[in-house]
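Lettered A, B, C, D, E, F and G in written order, each chain numbered from 1.
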Amino acid sequence: MQFQILINIVIAFIWMFLQNDFSGVTFIIGYIVGLLMLFFLRRFLRFDFYFRRVWAFIKLMALFAYKLVEANWDVIKIILRPKLDIEPGIIAVPTKLKSDWERTLLANLISLTPGTLTMNFSEDGSTLFIHAIHVPDKEKAIKEIHDTFEKAIREVTE
Amino acid sequence: MSNLLLLPVLVPFLAGAVLILLRNHPLIQRVSSAVIMTVMLLISIQLLYTITTGGILTVELGNWSPPFGIVLVGDMFASMMVLLTSIVGLACLFFSFQTMARIREKFFFYPFYFFLLTGVNGSFLTGDLFNLFVFFEVMLISSFILIVFGGTPYQLRESYKYVVINVFASGLFLVAIAFIYGATGTLNMAHIAVQVAEMEQQGVINVAAILLLIVFGMKGALFPLYFWLPKSYYGPPAAIAALFGGLLTKVGIYAIIRTFTLIFVHDTAFTHNIILALAGLTMFFGVLGAVSQFDFKRILSYHIISQVGYMVMGLGLFTPLALAGAIYYIAHHIIVKSALFLFAGATQKITGTTDLKKMSGLLKTHPALAWLFFISAISLAGIPPLSGFFSKFALILSGVEEGRYIIVAVSLLVGLLTLFSMMKIFIYVFWGGPSLKRSDYAHIKLLPLLAPIIPLVALTITLGLFAEPIFVFSEGVAAEILDPSIYIDAVLEE
Amino acid sequence: MKTNFVMLHTVTRIVSFIILSFSVYLFFAGHNAPGGGFIGGLMMAGALVLLYVSFDMDRIKKVLPIDYTQMIGLGLIIAILTGLNSLVFGDPFLTQYFDYFQWPFMGEVELTTALPFDLGIFLVVVGVALLSILTIAEDVS
Amino acid sequence: MSLFHFVVLAPFLMAVILPFFYYKFRSIHTGWFLLPLPLVLFLYIATYIPFGGGGMEPVIYSVPWVPSLGIDFTVYIDGLSLLFGLLITGIGTLVVLYSIYYIANKQDEPLQNFYVYLLMFMGAMLGVVFSDNLIVLYVFWELTSLSSSLLIAYWFHKEKSRYGAQKSMLITVSGGFAMLAGFAMLYVIAGSTFSIQEMISQAGTMVQDPLILPAMLLVLAGAFTKSAQFPFHIWLPDAMEAPTPVSAYLHSATMVKAGIYLVARTTPIFGLTQQWFWILVIFGLVTLTWGSISAVRQTDLKGILAFSTVSQLGLIMSLLGMASAALHFEYVDQDTMYVTAAMAAVFHLINHATFKGSLFMAVGIIDHETGTRDVRLLGGLMTIMPVTFTISLIGLAAMAGLPPFNGFLSKELFFTASLNAASFDIFNLQTLGFIIPVFAWIASVFTFVYSMMMFLRTFTGAFKPDNYEKHVHEAPWGLLISPIVLGSLVILFGLFPNMLAYTIIEPAMQSILPGLTSVGDQFYVNIYHWHGINAELLMTIGVVLFGLAVALTLPKLYGAGFFQRERDPLNAVYDTGLDQLVVQSQNITKAQMTGRLRDYMLYMGVFIAGLGLFTLFRYDALAISLEGQGGIPIYVWLVTGVLLACTLALPFVSGRMTNLILLGAVGFLIALLFVILRAPDLALTQLLVETVMVVLILLSFRHLPEMTKESKRLLSTSAKAVVSIAVGTFVTLTALSVHAYRSGADITPISDYFVENSKTLAGGYNMVNVILVDFRGLDTLLEVLVLGVAALGIVTMIKLRMRGGEDV
Amino acid sequence: MVMIAAYTTLVLLALAILACVIRLFLGPSAADRVVALDTIGINLIGFIGLMMLIQETILYAEALLIIAILAFISTVSFAKFLEGGNVIGNRNTD
Amino acid sequence: MSLVIEILISIFLLIGGLLSLVGGVGILRFPDVYGRLHAATKSATLGVIGILTGVFLFFLILEHIFIGKILLGIIFVFLTAPVGAFMISRTAYIQGTKMWERTKQDDLKKYIETGETPKDKRS
Amino acid sequence: MEILMILTGGIIITVAVYLLMTRSILRVVFGIIMLSHGVHLLILTLAGLEEGAPPLLTENADAYTDPLPQALILTAIVISFGVTAFLLVLAYQTNKAHDSDDLEELRGNADE
């Protein structure tokens, strides 16, 4: 329920963005539009949520942006180097994150950060398979993911 | 402004839309479509009467005056076509009640039928070139579905070619519209006519005219653009084939006549001579196709092509008499050709085949069918005193008057071969020793099958025996379309 | 293969809301900005298609038990009736009306008959896109 | 509408109500209901005969039918039409009577059909001869072709009947079509009238027109096919499959004379040309000779009669040709020359109807009673069937031209005319004219021969009962009445020819040669048996002597090749022609309708590009305007380049995924171009449509195999390339020209109005959207209709799968 | 100055698109081509942004968003198709 | 002030453009589809985000128009680019698309063959 | 710009026509799609590519590009979308019914 209200508000804001008009009227219309949509898709909504986590999500987005810039620098270096001096590989990374939401966040983070790309999940979702562009040391790579991204997400979500 | 003019488009449109919702109520669909079709017939009669007595009607859709908005224009020619559409539409609909598998009703047969009529009537009535394209598309997409309706392997295969070629033609239509809009800056046909008349350099517009001729020729099955027709028309059920055979190519012909009397009339020595040559080739190759076949429906399909030639011949000759003949011919052809396809259907229902070599002796077992067919067949061949004769005669007379002896000779030869191929049907199907046992056909009631056809046959007889009023009307139509200013004034000077 | 789409599903859930709002926006914006019934309808169809592609037929069908055939018919009827409405005022078919009204809280609002007309188009487009896609997807013969 | 119109229409009206009688009174032979009609008509028409002599004032009744096409139903009664009207109704009465006994009222034979056809025919014949309007004449003319075909195929279960019917229809109708064209030319020449009489009144100016010759040839095509002139005669022997009453009626007395009628009727016009004379005389004589020779080779009695008819029709035709010379002499020297020809023509026409009618009926009786008409099986019937024998004898003698029967008289007149012709001072006749009597004499010999043969082989010799399935005896009286009446007429006209002279022959001659006498004057028609010993009589004696010799030696020649070719060799032309027509049509049609989409596109592409480019260059419309073409930003070049790279790659890449992805790229890039070209709505639409389309294609990949590899054959690949480049070039060049035209001309597009009024009048800022929902709302309404129909169609196509044959 | 930068960027983007197109041709696998197409889509977003800037109009904002959306939808569709030939599954694949 | 803004915007644009180009080069240069995906997801994505940021700022600051749709677009790309990469790489792997010969290890292959996932080494 | 666009449109149409003559039933569908692209480009170009703002009055520009061809193309895009979707299904149904996507094999019998 909370989530629904939230998403409703979010939709109202999206609406305002779209309209380029930040008056109350637009917000109300947006809210009504969102309400209709939620009613429309009510059976589809089955994850619970609350406002705090949305805020955390926004913070994470900022983190994404930062990591993305960093990642790119690495890639540029690899790409523009005359010789491709890399050792790619697929590594399995177990995760303690439980919800779909968290795991998705982790996967997104991994994809957007240096040298790694999420390419699959195990059936139960507890393990991510990651393509790494350069894996001189597999365990180190796994540890780094655990220590940075997984930890960050857990801090946010718990 | 007259909303009467809207009804031939709106009634089937709305009817089709509502019938979509009634998908699971076949009986309601059947009854209401019969009622609607009858209403359409009455509307068309009223429309023709109003226009014939009161002059051209126009509707400015959205209340935007031409040339800015879309305008529907009903002149005698258009309203005649609308009436003919309603007549064969009604006949084919009733025939479908008798012959078509009930399962088809659950798959939007009636909506498709009415949408087709929407497209056809719209194409006749619109006064806007792009809107004509759109109406064409409505008609075409409905025809695509109706022609593949039932989805037998044969239908699928031939419909595919039909669709591709027609879509190709639609693409070229748009190219022609691009040319015309580029050169004139307008889409309203009357306005285009005005602009074209004022153009100093008509070179590009003539190219556009030829392209339009090709486009409409593809829809109207002119030489050498008719390849899609014969095989695809064999596929669908008889009621659909009859509607198509009678009506659809005539929309293309109508468009050719409309544009080449209203807009492209400034170098008839070139354009109309090309039309005349195409007319001759069309009728010749079409009839050879008919001669080559030994199947009821296929012969009729090829005859569509050959007869399209006559209508275009009237335009090519471009005299009042010839155009009157062409107009008369269109009316005759739509009625007779539909009737003949329905006969093919009735015969198929009785014998289970359309292969001539598998049929025999139906004259003995089904004399009524035989004679009604015979009348229609010889009418098609232009034997007097039926409708086919007077229309052809006017064309021939005009051809002789103009000294166009080759086309006259071709048209007579084609008439003879038409007779030959129609007699072939009669000889194979109706003469000969009986092939059917009483038990084979006793359960098929003939009267309901013939009921929708009889009025059509009666019409071809009437159109022949009482040719004078029809011919006077055709002359009126010809006079009206030969003077573009009538149309232009009606549209542009309100 | 025993793997899962958790990432796809989660993102789709979020994204589809963005797309749906966007489609409604496009629909309303049409008269004054790029958009309109057709574009809005296709956008909504896009959102729904994304749901179908990401998840699966049965699941989304349960969520959205819509008969798209009826939607097409309904859309057509709405559009025609909007056009017919002008006949009541003695104007030709498809004459559209608009006016500006002062509404409490909302200031000046433009109301136009083009909107229900566009709604009909919107419905048809959504119905058409999904009906075609789903019918083909369900065709297992 | 006059009473006389009803004379013409009465048979048709009767035909409509006759089935009622048939079904209502099954026990009474339908013919009885019919019989009074021709009789009454005969008597009514007979009231127009000028019994007092002194020529005949033509009577005209007219009602408009299709006046805007110059078609009026004008009944014109003069000597010629009167003669034919009497023949049609008179012989018609006898034939109906005869048929009542000839055609049994069997349960499964649709007897009413027979009489409906017969009535249609009768009405049509009356229409032909009484119509003054050429088109009305034509209408009835075609009806005679039609009804006669139906009569020939009355026993349509027989292969030969169908063949004969088809043949007669094709030949006579094709002649009819030619004739129609001829009529149209006459209409043009005569200054927009179809009235024969009006044409005759201006014949002198009409023949000055260069069109008169083609018109004449076309009209003659109609007359010759109908009247079985060489080489169109081949349908007549095959028409003998008709029931014998039909043959007696149509194929001797009436229908085949329609051509004669037409020639006689138009002689006052065409006769003014010298070609008329030659064509008629030559065709007539060739037909006469060919027919009589062919008749000798026949073994079927009806076959003999058929060829005999051919031959006699040729005779009459040639006589009409000779008669037309009168028009060149302005009727001087009347009694000795061409007038004889005209007189002979009319008289022989009557005589032929009587003796040939009776002979057909007699043959019918023989067929009816013995079950065969084959002269090789027949023989010795003289004693078994004495009445029939007598009738036949009279008929045969008349046919052979023996005195005192009417045939002798007309044949003598024919000899006279042919001898006269050789002395005409026109058309080089003085040098070439001798062939006319030579031909006439040879033909007469053969006529004599086949008459003898018929007599000898049917009635003399031994009677062989084993040859017949039935017990042979004399026919019932009902069958005999009609031939007896006709036989009596043969004798009566032979003995008292002048009873016809002023009542029938002279009025008819006046119609053929209208300047012959002024109305009121009596022309002198007098026919004698005895002219003294003159050339004609010597010719006749020669015929008899020579003919007897041939007839007696002939049985010995039966083994010779001459007699093994019973069928006319000209039939081969017709048969192969018809076969080849079908075969060649099939070849031509197959060459076009290959079933290959590629071929269709190739043909159409060639046509489109060819005609399009031709038009473009013909009008010298090709132009390119470089105005304002500079300054294209580099990114546009790049985008266009990428777009074209993707496009051009499409024909070359294989693999459907690659193709689809390229297609997707093209779609995206087109959207980009729309953005560059300032069309945001288009870009949006294009993108959305493209995506949905890609999804649809991906979905349908499941039902499609990997793309078929294109054939690498150079020829087909280059053909495709050339044609597509041609089409593309045409479109491109025209587009460039339009653009150039546009740059040079001052065009105010209607869209300026939209720019000005979108906001004020339609309340929207987005012009494109305003156009779509308001200015051109109908387009939009229909475009979504197209979409809706397409979607429903997809559903239908996927879910409704029939095998075929469930319904029609 | 912004305009010069924008035009330069446009050229860079066009070149990037060109590179993607080359990959589109080269393949070799369908996945490679999908990557290329997806990247073209992403680049088009930038391209349209720049067009807004150059033409000084906000009208293409919708197009921009739509490309982002559609590139995603088509990539997912392609991937689903390549995986099992079935873009829309009928059974629960969760 | 305005010059600074213009320079800032230009930098955003140019960096974005360069990143995009680098992404393009990467797509061309990387030897296998996975490597190319790295280029696509990282460089191209950030490149376009850079450009969009430049455009957003341009309108916001120089034209005083707030275009929310651009922000939405940026968020959208952020959200979906990894998912796209995930879908493609997953598919490529399932299809058996060849990896570069220098690829060292493949845990996914082991998982598919045995169904075993490595244990989380942490407690 | 017009000449470039005309040439582009012309080349697209050329390729489209070529594709319509190929054997694969699907390639022909692609040809139809390409054809509509080319045609739309021509319509837009031939109406004139005068420099002007996009046709939205919110732009407050002095000149706008011609909105009418854009509306026409929009209609045409929609129509060709519907028709092409239909054709696509027709193509695959044909393939299913005849077990062939090769138009050479889909010729049918000569006497049909």
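The working rule: a contact is a pair of C-beta atoms (placed from the backbone, for glycine too) under 8 Å apart; a residue touches a chain by one contact, two chains touch by 3 or more.
Since the structure is predicted, the reported quantities are computational estimates derived from the model, not experimental observations.
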Of B-C and C-E, whichever chain pair has more C-beta contact pairs: C-E
Centroid comparison with chain G (C-alpha atoms), farthest chain: D
Distance-to-centre winner among chains (Cα means, whole assembly as reference): B
Cα-centroid distance, chain E relative to chain G, in whole angstrom: 21
Distance from chain F to chain D - Cα centre to Cα centre, in angstrom: 81
Whole-Å separation of chain centres (CA-atom averages), chain F against chain G: 33
Numbers and ranges of chain C residues touching at least 2 other chains: 2-5, 7-9, 11, 15, 18, 22, 26, 29, 32-35, 38-39, 43, 46, 49, 53, 69, 72-73, 76, 80, 93-94, 96, 128, 132-133, 136-137, 141
Touching two or more other chains - residues of chain E: 10-11, 13, 15, 17-18, 30, 34, 36, 55, 57-60, 62-63, 65-66, 69-70, 72-73, 76-78, 80, 82, 86-88
Junction residues of chain G - those touching two or more other chains: 13, 16-17, 20, 25, 28, 40, 42, 45-48, 53-54, 56, 58, 68-69, 72, 74-75, 78-79, 82-86, 89-91, 93, 96, 106, 108, 112
Touching chain combinations (by label order): A-C, A-F, B-C, B-D, B-G, C-D, C-E, C-F, C-G, D-E, D-G, E-F, E-G
Of all residues in chain D, those that touch chain C in their complex: 680-681, 684-685, 688-689, 691-692, 695-696, 699-700, 703, 762-766, 768-770, 772-774, 777-778, 780-781, 784-785, 787-788, 790-792, 794-795, 798-799, 801
Chain A partner contacts - residues on chain F that touch it in the complex: 19, 22, 25-26, 29-32, 34-35, 37-39, 41-43, 45-46, 49, 65-69, 71-72, 75, 78-79, 81-83, 85-86, 89-90, 93, 99-100, 102-111, 117-122
Chain C - residues contacting chain B, complex: 69-70, 72-74, 76-77, 80, 84, 86-87, 91-96
Residue ranges of chain A touching chain C (in the complex, touch as defined): 7, 10-11, 14-15, 18-19, 24-25, 28, 30, 33-34, 37, 40-41, 43-44, 47, 100-101, 103-104, 107-108, 118, 120-125
Touching residues (chain side chain C, partner chain D) in the complex: 26, 30-39, 42-43, 45-46, 49, 53, 68-69, 72-73, 75-76, 79-80, 83, 93-94, 96, 98-99, 110, 112, 114, 117-118, 120-121, 124-125, 127-129, 131-133, 135-137, 139, 141
